[in-house]
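So the structure is just underneath, and the comments pick up after that.
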Amino acid sequence: MQTHQAKRVAIIIEQVMESRLTDALANAGVSGWTVLPVLGGSGRSGEWSREGQVSRGTGMVQVVCIIRPERMDALLEAAFGVVERHIGVVTVSDCEVLRAERF
Amino acid sequence: MEQMLSLAAANLLSPIILSFALGVAAALARSDLNIPEAVAKGMSIYLLFAIGFKGGVSVADHGIDATLALSLLAGIVLSAALPLIAFALLQVMGNLSRLDAAAVAAHYGSISIVTFVAGTSVLESGGIVAEGYMVAVAAAMEAPAILSALWLISRGGGDGKRMDGELMREIMLNGSIVLLVGSFLIGWVTGVEGLARIESFIVSPFQGVLCLFLLDMGLVAGRGLRGGSGVLRPGVLAFGVVMPLIGATAGLATGLLLGLTTGGVALFMVLSASASYIAVPAAMRVALPEANPSIYLTLSLGVTFPFNLTLGIPVYVAIASALTGG
Amino acid sequence: MEQMLSLAAANLLSPIILSFALGVAAALARSDLNIPEAVAKGMSIYLLFAIGFKGGVSVADHGIDATLALSLLAGIVLSAALPLIAFALLQVMGNLSRLDAAAVAAHYGSISIVTFVAGTSVLESGGIVAEGYMVAVAAAMEAPAILSALWLISRGGGDGKRMDGELMREIMLNGSIVLLVGSFLIGWVTGVEGLARIESFIVSPFQGVLCLFLLDMGLVAGRGLRGGSGVLRPGVLAFGVVMPLIGATAGLATGLLLGLTTGGVALFMVLSASASYIAVPAAMRVALPEANPSIYLTLSLGVTFPFNLTLGIPVYVAIASALTGG
Amino acid sequence: MEQMLSLAAANLLSPIILSFALGVAAALARSDLNIPEAVAKGMSIYLLFAIGFKGGVSVADHGIDATLALSLLAGIVLSAALPLIAFALLQVMGNLSRLDAAAVAAHYGSISIVTFVAGTSVLESGGIVAEGYMVAVAAAMEAPAILSALWLISRGGGDGKRMDGELMREIMLNGSIVLLVGSFLIGWVTGVEGLARIESFIVSPFQGVLCLFLLDMGLVAGRGLRGGSGVLRPGVLAFGVVMPLIGATAGLATGLLLGLTTGGVALFMVLSASASYIAVPAAMRVALPEANPSIYLTLSLGVTFPFNLTLGIPVYVAIASALTGG
Amino acid sequence: MQTHQAKRVAIIIEQVMESRLTDALANAGVSGWTVLPVLGGSGRSGEWSREGQVSRGTGMVQVVCIIRPERMDALLEAAFGVVERHIGVVTVSDCEVLRAERF
Amino acid sequence: MQTHQAKRVAIIIEQVMESRLTDALANAGVSGWTVLPVLGGSGRSGEWSREGQVSRGTGMVQVVCIIRPERMDALLEAAFGVVERHIGVVTVSDCEVLRAERF
């Protein structure tokens, strides 16, 4: 089956920043993404879990974005503007997609 | 004094405080007891709806007090002013960075609605009435403290653009304010007749739901203490007990000046003494992401909330009773 | 007329409608107020269980009416026939594609159980009784409309194989039908004695739970309106108000023909006037994935549901009262 | 005998059993009816809190019985001993591997708190009183069986280190034990006065919540039966009915020896007859991951739980009544 | 530690289609997959989120499937039969696995 | 934008083993991970779903860990010690990250 090269960008970020990030993505012309829930994790700022959350407003989410390779830089630029001052992780990996006309 | 002690003892041995203690103990012992987030949120929606509705019905029933507008205004001023005191105090007592101090200060100007609910429940079991519109005052006191704290930071230089229209909207329209004010208005419009239709839902089971909710709060507070205990130096810890007393004093003065009933004065004390742990932390994560959440959450939820719940409230009620002759 | 107006006014100022309005307002103002999905689902399970159980008890109490079977049959016929009218009307009023029109039509033949619950609650507060088996009629009316709509599409050519056994099973055994029919049977078997044991759970808090549930419905409807407002042309919007009136008229005729009580006639009107927004949308996503969900969801939940809730129900009840001399 | 039959019939036609049956039927018919995990968990927290609290209040009310400590001890011994019988029996009846047999055995030594709750509800509707501290006995019986089962395995050689301090802590402080014991203590401390404050939350709606909870249990059991039916050979299936009868007999002897009331004896039978399906499965996944969960879950939840709920409990109550002259 | 080449196929699809997709996978001889929840997203058919859902029945899920490279085409074929008429995204990426005997 | 090579290790494992796994990771010096919820799946031990769970204690989670390539082996070693006797899947893929100083 015919597949096409693409990039998969995954951004783990605080829930309160979610709409700011997706707004920034939309502004940068990125129109497709998926938001996944996150139960907990650990990083430089310590361990946390949804259940152990002191405030219920401070969970995290993962925003996954599949894009054509040539549009990657615009996306990272936009994402970085939001993520910069905040905790979170940004990863990029290669992938292939079906139905490339969608991206 | 005697009355104060007996009130405090009665309070400490009430099901709601013991439920809170059970939660704290379970969390400290690292039991896996936990209440699903959705259920806890559902209970908080129930409590907000019930307390708002009953406040509105009481206003419909007793008519508007001339001091309603004044009380709202006083609440706003208190909420905006208390962070300034807290900020100064923190620079004397703890030695937090300016950012951390401002974030903490915002929490203490704003209010904790669960502390407020616990306060009304102590009043009720003592047969003390309060102005129904105090729930509107509670709503009015949520946001101003956040603005004060951001002003403190911007005054100290730095990049400045902490607050934008979007954040402002988020704060003013945060779910608990909207639900509290909304159900207050619904109660006001439908009055005693409306209450009659839903009484067996929002009045009778109220205390019981509060028990389970405080069980969850205890779990959350206990987990916070377990994780955050290392973060707080003694000075900052002391702040978590001193600041509510300062707040309560300010609330007392305000309530007496306004000429409120015993219950109204007590609730003004409770509101001023309480510290936010829902609305303000979320706002701080957006506006002051560099401030350390462990500090303000542990302080507000792990120190001040239990203090008010167990000792503070009965003391405030006793003082209000003594000084208003209630 | 006068009675209609006073009923409508009483309805508009009841806690349940005001709660719905609060939800809509909060969503339109983009407040972050929201009720967790699990809690909303829990409340809907409670409402279905309670309404089904009470219907069954009422049948156990008053015995089976000779018209029970006829009513069920009439409900099935109505549910199957209304989509044909809706489909024709949509081709005159809106200019939707055949697929979109069929999908919308399916929603209007089927029913909204929350509208039904709101209807029973208006009847109750007016002291009007209805046949207990109307909840069984409600269950019977859920599915036939879907088959009608798929038949409309297959008739127009196209790939045809929209419906398979799996989908049929999913529709017939969807959770709300099973719960409604199941609790109806439980109520019937256990009767008044069974009700006595769980009365303080399913009767007393019912209205209050309905308030919080409609608050959530308001939030959902408001969000739908915000997102879907651009999708609907005026003709389609008008359909969302005209079609319930046509449905109600058909329901009225049926109820009178069957010789039901005032309450029974009113509920037949409510069922026929209401549009599905839970069972049918899910079925459409499987069978007609090319149809645009924004259209049918906005129309059913954002236009027809609020219309019935606020204006429709009191009008239907008033008409039923007038024509049955109730 | 007659009394037994009429009790059994009354039990089978009660709303709670019918709700359970509805759940099983819906699951077997593959309806998509389901209760959100969070809501089910919320209801179980409610039930545990209510049952614990009421037990504590009853102890506060009637004073401590001299046999409290003996009953606790007897419960621990029963819980530790029953797995040995179960293990031996499984090697005769089924032909499970040693690992699977030990895992199953652990479930039957431990207890099912929902079965216990259903038992108290049958006692209540029959007007039979029981010692309030039986909830403490229930808590004491949760864990020992797990240790017995792990001992059985380690004795048979193998890698041995199945149990560590962490697992021990997890078992002893598992949420349901903590909540049950905690609310028992709260009820004890606050007594009848505390109960009065939250009675309309934890007493009146209890039966109704139990209905919805058992509906969910029925769904879960039905799904388990659907998935696990192939796993169980006839011998193992028979074990699921024989073992509770053996347990009940042991519980009967214990209760009579201790000289408990009719209700106390009946509850000792119910506890010994019931099999765990929450605490023990989780512990087995950690300590005996090679054992097949389908076997022990299907057996405990799909066979023994429904058996006790429908036939077992009324029989145990009737026997206890006959032998204590209650 | 010894790892083996494999493919990771991730399919974001509507919840109502989940069982149909996994049935198709099973029919195609694929026996391993994992279903992950999705909170929301954006694509050609607009933005949505679980909370903002008008109907609660129309959320999305992500089905992740790890398989040996040589079995990829059969899997994509099967998946595509289900996804074709529906909204959704299919991506494929390289990965390595421990315990290859499992796949 | 500057990105750096890294590895993405994803471990699907039973919920009851989660804390044991993350403890083992922490002991092996791995300090960053994210826990994602899993709704259901299928594997050698059959199909399961969170809703269909007979016991509510036996769900699964996915632990995702982004690390520098050179630290991979230590991580896999640690993870394998926990996963060994249990059902579950471990995959490794290449990815790139922003802000490499974090890992």
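Should a chain be cited, it is by its letter among A, B, C, D, E and F, assigned in written order, with residues numbered from 1 in that chain.
Everything below uses one rule, namely that contacts are C-beta pairs under 8 Å (C-beta built on N, C-alpha and C of every residue); 3 or more make two chains touch, one makes a residue touch a chain.
No experiment lies behind these values; they were computed from the predicted model shown.
Listing every chain that touches subunit D and subunit F alike gives an empty result.
Listed by label, the chains touching subunit C and subunit E alike form an empty list.
The interface holding more C-beta pairs in contact, when A-B is weighed against B-C, is B-C. Chain centre most remote from that of subunit B: E (centre = mean of CA atoms). At the subunit A-subunit E interface, residue numbers used by both copies make up under half of all numbers present, so the two copies contact each other through mostly different positions. Farthest from subunit A, judged by the mean position of CA atoms in each chain, is D.
Rounded to a whole number, the gap between the C-alpha centres of subunit C and subunit F is 46 angstrom.
Centre-to-centre separation between subunit A and subunit F, using Cα means, comes to 18 Å.
As a whole-number value, the distance joining the C-alpha centres of subunit B and subunit D reads 41 Å.
Residue positions 36-37, 93-94 of subunit A each touch two or more of the other chains. Residue positions of subunit B touching 2 or more other chains, listed in rising order: 34, 36-39, 41-42, 200, 204-205. Taken pair by pair, the chains that touch are A-B, A-E, A-F, B-C, B-D, C-D, C-E, D-F, E-F.
Subunit B makes touch with subunit C in their complex at residues 36-39, 41-42, 45-46, 49, 53, 169-170, 173-176, 178-179, 182-183, 185-186, 189-190, 194, 197-198, 200-202, 204-205.
Only residues 34, 37, 40-41, 166, 220-221, 223-224, 227-228, 277-278, 281-282, 285-286, 289-290, 293-294, 297-298, 301-302 of subunit D touch subunit F when the two sit together in their complex. By the touch rule above, subunit A contacts subunit F in their complex via residues 12, 36-44, 47, 49, 60, 62, 73, 76-77, 80, 83, 89-94. The part of subunit D that touches subunit C in the complex is made up of residues 13-15, 18-19, 22, 25-26, 29-39, 42, 125, 200, 204-209, 211-212, 215.
In the complex of the two chains, the subunit E residues touching subunit F come out as 1, 3, 6, 8, 22, 26, 31-37, 61, 66, 93-99, 102.
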